[in-house]
Structures are given as structure tokens and as C-alpha cells.
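The first chain written gets the first letter, and so on, giving A, B and C; residue counts start at 1 in each chain.
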């Protein structure tokens, strides 16, 4: 049954799979709301149970896995499941695009202020998709013609979109933060308490330790006094006090995350997202 | 070697975004929307060519593995979120994946965070140099006091707990200062990269 | 000294930052970078790797953090080429990451006369997060059936004999996001795979608990870490050349903090003084 098939057989098997899936969910859709909630909770629990059991059950056990090679039967499924999840996540890529297209489409339709920017958005989106797909499947060859462009032209247009627009725009948007940090350093960072002073002192030591000019300030310290060089002090700060403090914070976050994971897995989370009913 | 016209377009985009530093203006808004468009478009086409085509289309169509139709059907169910009647199916799939991820967190916690706990409790007495003993003690005290600061389920009326939480807050300030100092480096490095692009790649000044 | 009004102060600061950074890049001041223990530890662990296994260079950075992670990637690839370490570029956190890293690898390959497919491979980008990584550990060719150029993995010489996590010598995560945790939790913690880390500056302090717990063998601390690594490798790359500009920027920020606080204290004292008295 799982053997590969080709030609019309493949089409038949795929059509039958789709039909079976649609039929299954047609039946499930007719269930009352209460049963749908139970179904969602059950699927969530079973999905989480896979990795939990795969981890907590031993890899080998004669009395637990009394058949075959006495190996954990879930471990061989980890690979195929990873493969399948990778593909399923790939299919969700259009969700974000639909959302963006909806927002900008409405802006154009209703001629909202700045609607021409939404036109630019669609032009950029469509160009990147079209030329990205095109250049992926057509080799860069100046002598090869593809539809209205030469293959090399398609690649040049893609280079403009990726190297000329996407990379510079992305890098620049994030680099603007540097200006805001400098401006905030002058206008917002006020040392109004002992704690703030401690924080600023640590920040200044860190900043000086990171740059050669700061390292130069204390480079004349030798012998036991070399332990007071700014880069040594900063390294000690990072590896001891800061590391321990952030370990404490990280453990708190990890325990919180684990508690949240447990709540989701056991279906204890409430809210419209976790329930089968429609939007309230 | 990147052609100069590509670099020139990149410089135009860079300066267009930097125009926001003067004030809000239509040029910035235009380039902002272009960026969102190319970024979304890139993600879309790249996943088709690098994930869906090799991992789904090729096994299904070229290798005849018909059961790869099911991941498509599961993935398609995510789009039922746009249907009021069928949204529960989208929730079924989304929450199931959340459950799958939640199940993996036990392993992640034990393998990822238990070593943190183990490494935090180092001997403070014994045949180690005084500097190491002092460091181990300082780290232990830091961890305990910082965690006591975050224990909101215990009343902070007890003087020991209050004192511990205050010390923890002071030590946290050191950590936040270190984070701030590192953040400055991070942000400045991104800006330096852009200036280097404008000077050396666009204006062709000698490095 | 009279404080400059809001908008003008802002523009003045921006101008100081912009012009000073440009000057720092154009004026060559040779400033030796002090190599810190975490960077040295990373280099030592890379140099000790067996040459018959592959290193995964996990690209978690996007176009936004290219300014920091780009030089880090360049420093590492430079070291790999010089030390004849074969590596695979891969990403599960950033779709454009493998393409941008490939541009760097391509440029350095021409300098070192290296050949794609024999000295390195690019696995491209995969979705799926933790389940995908768990699957990758068990069977690499299944998760990565073809490379970035759509060539079947079985036809790439450097991938011969690479089947699962046990054929991987080390994973080095270069990232501007929290993409180290899956490697720690599902590769290093389970199989003991060596891990290296090259985060952006923002994430450097948060990396030290991993270093202290022995989960990562070494660390490249942002752009400065890249400069330290270049010094260890013996090259003068982009990271080293940007240290003067970085020094200026840091000194400017410190000066602005001090100036801002001094002006605020002065203004507060003026408000407290009784009216009629000279300042």
C-alpha cells in the first residue's frame, strides 16, 4: 500500500487521499461543538505525547518493548516526522502574504492616504516572487532565451531585487537604531538612583572593554594590577556576576515556558484560540 | 563582482531609509513598503524552491510517494482560519502543532537547562585557589538572590527575603548594564556596515 | 553651557554619529585588539576538530544583522579554508541566510582556491524548527536531499559518508536571534555535539550561561569577537578595519550619557535655587 506509484495510479491514490480526508473532516464538522473541543484537546495531547514518550521511554527495553529488537518504536519515526513538519510549515508561508495583501489591497481599493505605497508593495512582492522563481529554474546563460527576457536578464533583475534592494533596505532599517541609541544616551539615560548608577557603570566598563581605545586606557597596568584592566574586569563581570544573574532569569523563563508547555499539552489553556467555537 | 548599478540602487535605498532621521517623509514610506514587499516575496519564493519543491513535490510527483498528499492537506487546513464556519479545523491543526512543540519542551528543558543548574553549584571550599572559591561563592549568591527577586509567589515581607531580593536587584542591574553595553556595540556595528557600504562600495573610496 | 533644544540636539547628535563614523572608517588607526578567552576557546576547539567530519555553519542571521554577523561568518570561513576544515552552510531560522553566507564563501573561495562541493556545501534553508532538527540528527540526507543549487546531495563529494549527527564534528551558530536553544537542547544535550556560538552584541551577555555550563565551547562576541578571531587567524578583515569607527561610536555614546546627566543635574539645581539669586 505504501509502495511508490506513478502515472494514473498516482493521480488515483492522491485523489482518493484527498477524498478520504475531505470525507473525514466533513463527518467531524458535523459533530457538536462539545465534541470538537474534545477532539482538539485529544489531538493536542496525542501530538505532545509523541515527543514526550520518545524522550522518557528508554531506547532499549526487553520487558517494555517485548517485540522485535526491543527498541523504542517511536525513535525511528522522529526523522520522517521532522521531514513532514518541515513541509507542513512550508505550506503556511502564504498566510503572512495573504494578511499583508489584504491590508494593502484594502488601502488601494479605498484610496486611503498613502495608497500609492501599497502599489509599490505589490510591485515589489510580485517582482520578487516572479523573478525569484524564474531565476531559480533557469540557468544564468546570456544565450538562452526564456519567454520575454534572456535568462541572463532574469538573473540581473533578480540581482537588483536581492542585492540592490532587499539586502540594503533590510540592513539600513536595523541600522537606524544606532541613531536612536545615541539620541537616547543624551536625552533619556538618567542616573537617578544607586541602582541606575551601578547599571551605567557596568555599561561603561563593557563599552570601553569592547573597543581598542578603551583597552588602551588600561594597557599600562602590569603584574597583579593587570587584573584591573578594563577588558579583564569586563570579562570577569560577564563570566561571573552577569552570567549568574542571567542564569537566574533564564531558569525562571525556562520554568515558565515549561509550565506553559504543560498547560498547552494537557489542554488546560483557555481562550478562543484553544476552543473549537467561532470568534466570539 | 557586483555591478555598479546594483550598488547605486542599494545606495539610493539606504539613503531613502535614512531620510527618516530628518523627519517623517513620503520617500521613507515608499522605501519602507518596498522593503516589506521584497522581504515577503523573497520568503515566499525561497520556501517554494528550497523546501516545498525538493521535500514535497519531488517525492510526490517524481518518486511516486503518494502519501505526501497528506502534509499538503494538513498544511492547507491552516488556511481555513479565514472561514468562520471551518475555523475550528485550522485551530485543530495549529493547536496540535503547539502540542507537538510543547511535548518536545521536556527534552529541551532537561538537556538544555539542567546543566545550568548543575554548573551554578560549584564547591566554595576545598583544594581550589582562593580566587576560584570567591568566584564560585559570588556566582552562587548572585543566582540565589536574583531568583529570590523573581519569587512573587512568596511574600516579600520577611526581612531575609526582602534583603535577598534587594541584593538580587542590584546584581541584576550589573547584568542589565552589561547587556546595554553590548547592545550599543551591536547597533553601532550595523550602522558602521552601512557607512562602509556607502563609502567603499558606492563612492569607491580606498579602504 | 546652554542645552541645545530638542530637534536641533537630535540632528546634531545624528550628524556627529554619521560624520564621526565615516571619519573612523577612512582614517586608518592601527589598534591592536585584545583577544579574550571566549574567542580563543572557540578557535582552539575548531582547530582541534577531526578533519574527516563536517562542521555545520548554522546561519541564523538575516539582512538586518549583516553588519555584525557578516564579519563573524567571514572570519570563520576564512579559518575553515586556511585550516582545511570542510563545512556545510545551513539555516533553519533565516531564509536569506544561506544565500548571503554563500556570497561570502564564494568570495573567500576564490582567494583560497577552494571548490564548492569539495571544500564546502550549502544545504540551504529548512523550515520545521525543533522537529526538523531532531529529524536532521537522525538522517541528514532525508532532511537535506539537495543543496542550495538543487544538486542531489548524493552527488556532492564533501557529503560522502555524512549520514547523521555522528558525522558532524561541530555546529557553529551565527545568529541575531534565539536560534541556539534548539541546537543546545536537541543536539548538544542529546548527542554531545560540540557547539560554537557567534551572536550579535545584544545577545552576548545571555550567551555566558551556556559557556559556563559547558554547552558551548567558545564564543565570538559580536563585531569585536570577529575582530579578535581575525587576529587569531592572522588576517586584517572588515571587522578589524571597523574598530576605529566602533571606538569613536562608543566614546560618543559615553560622552553623550555624561553630558546628558550633567546638564540634567545642572537644570535640577537651577530649579531648586530660590528666585532672585544668581546661578
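Just so it is clear, contacts are C-beta pairs under 8 Å (C-beta built on N, C-alpha and C of every residue); 3 or more make two chains touch, one makes a residue touch a chain.
All values derive from a computational prediction rather than experimental measurement.
The chain pair A-C and the chain pair A-B differ in C-beta contact count, and the higher one is A-B.
The chain closest to the protein's centre is B, with centres computed as averages of CA atoms. Mean C-alpha position of chain B lies 13 Å from that of chain C.
Centroid to centroid, with C-alpha atoms defining each point, chain A and chain C lie 18 Å apart. Rounded to whole angstrom, the centroid-to-centroid distance between chain A and chain B, based on C-alpha atoms, equals 8 Å. Across the assembly, chain C contributes residues 14, 17, 64-67, 96, 126-127, 129, 131, 134, 143, 150, 201, 204-206, 209, 212, 221-222, 224, 246, 249-250, 253 that each touch 2 or more other chains. Residue numbers of chain B whose C-beta contacts span two or more other chains: 21, 42-43, 46-47, 49, 51, 55, 100-101, 104, 107, 109-110, 112, 116, 175, 178-179, 182-185, 187-188, 190-191, 193-194. Contacts with at least two other chains are made by residues 51, 83, 85-90, 136, 162, 166-167, 169-171, 173-175, 178-179, 181, 200, 204, 207, 210-211, 238, 242-244, 246-247, 250 of chain A.
Considering their complex, residues 11, 14, 17-18, 21-22, 24-26, 64-68, 70, 95-96, 124-127, 129-131, 134, 143, 145-146, 148, 150, 181-182, 184-186, 188-190, 200-206, 209, 212-215, 221-224, 238, 241-242, 245-246, 249-250, 253 of chain C touch chain B.
On chain B, the positions that touch chain C within their shared complex are 21-22, 42-43, 46-47, 49-51, 53-55, 58, 100-101, 104, 107-112, 115-116, 118-119, 175, 178-179, 182-196, 199-200, 205, 207.
Those residues of chain A that touch chain C in the shared complex are 51, 75, 78-83, 85-90, 136, 162, 166-167, 169-171, 173-175, 178-179, 181-183, 185-191, 200, 204, 207-208, 210-216, 231, 235, 238-239, 242-244, 246-247, 250.
The residues of chain B lying in touch with chain A in their complex are 2-3, 5-7, 9-11, 13-14, 17-18, 20-21, 26, 29-49, 51-52, 55-56, 60-61, 63-76, 78-79, 81-82, 84-89, 91-92, 94-107, 109-110, 112-113, 116-117, 120, 135, 138-140, 142-143, 146-147, 150, 168-185, 187-188, 190-191, 193-194, 197.
Within the complex formed with chain A, the chain C residues making contact are 6, 9-10, 13-14, 16-17, 31-34, 36-38, 62-67, 96, 99-100, 126-129, 131-136, 138-139, 142-143, 150, 201, 204-206, 208-209, 211-212, 221-222, 224, 243-244, 246-247, 249-254, 256-257, 259-261, 264.
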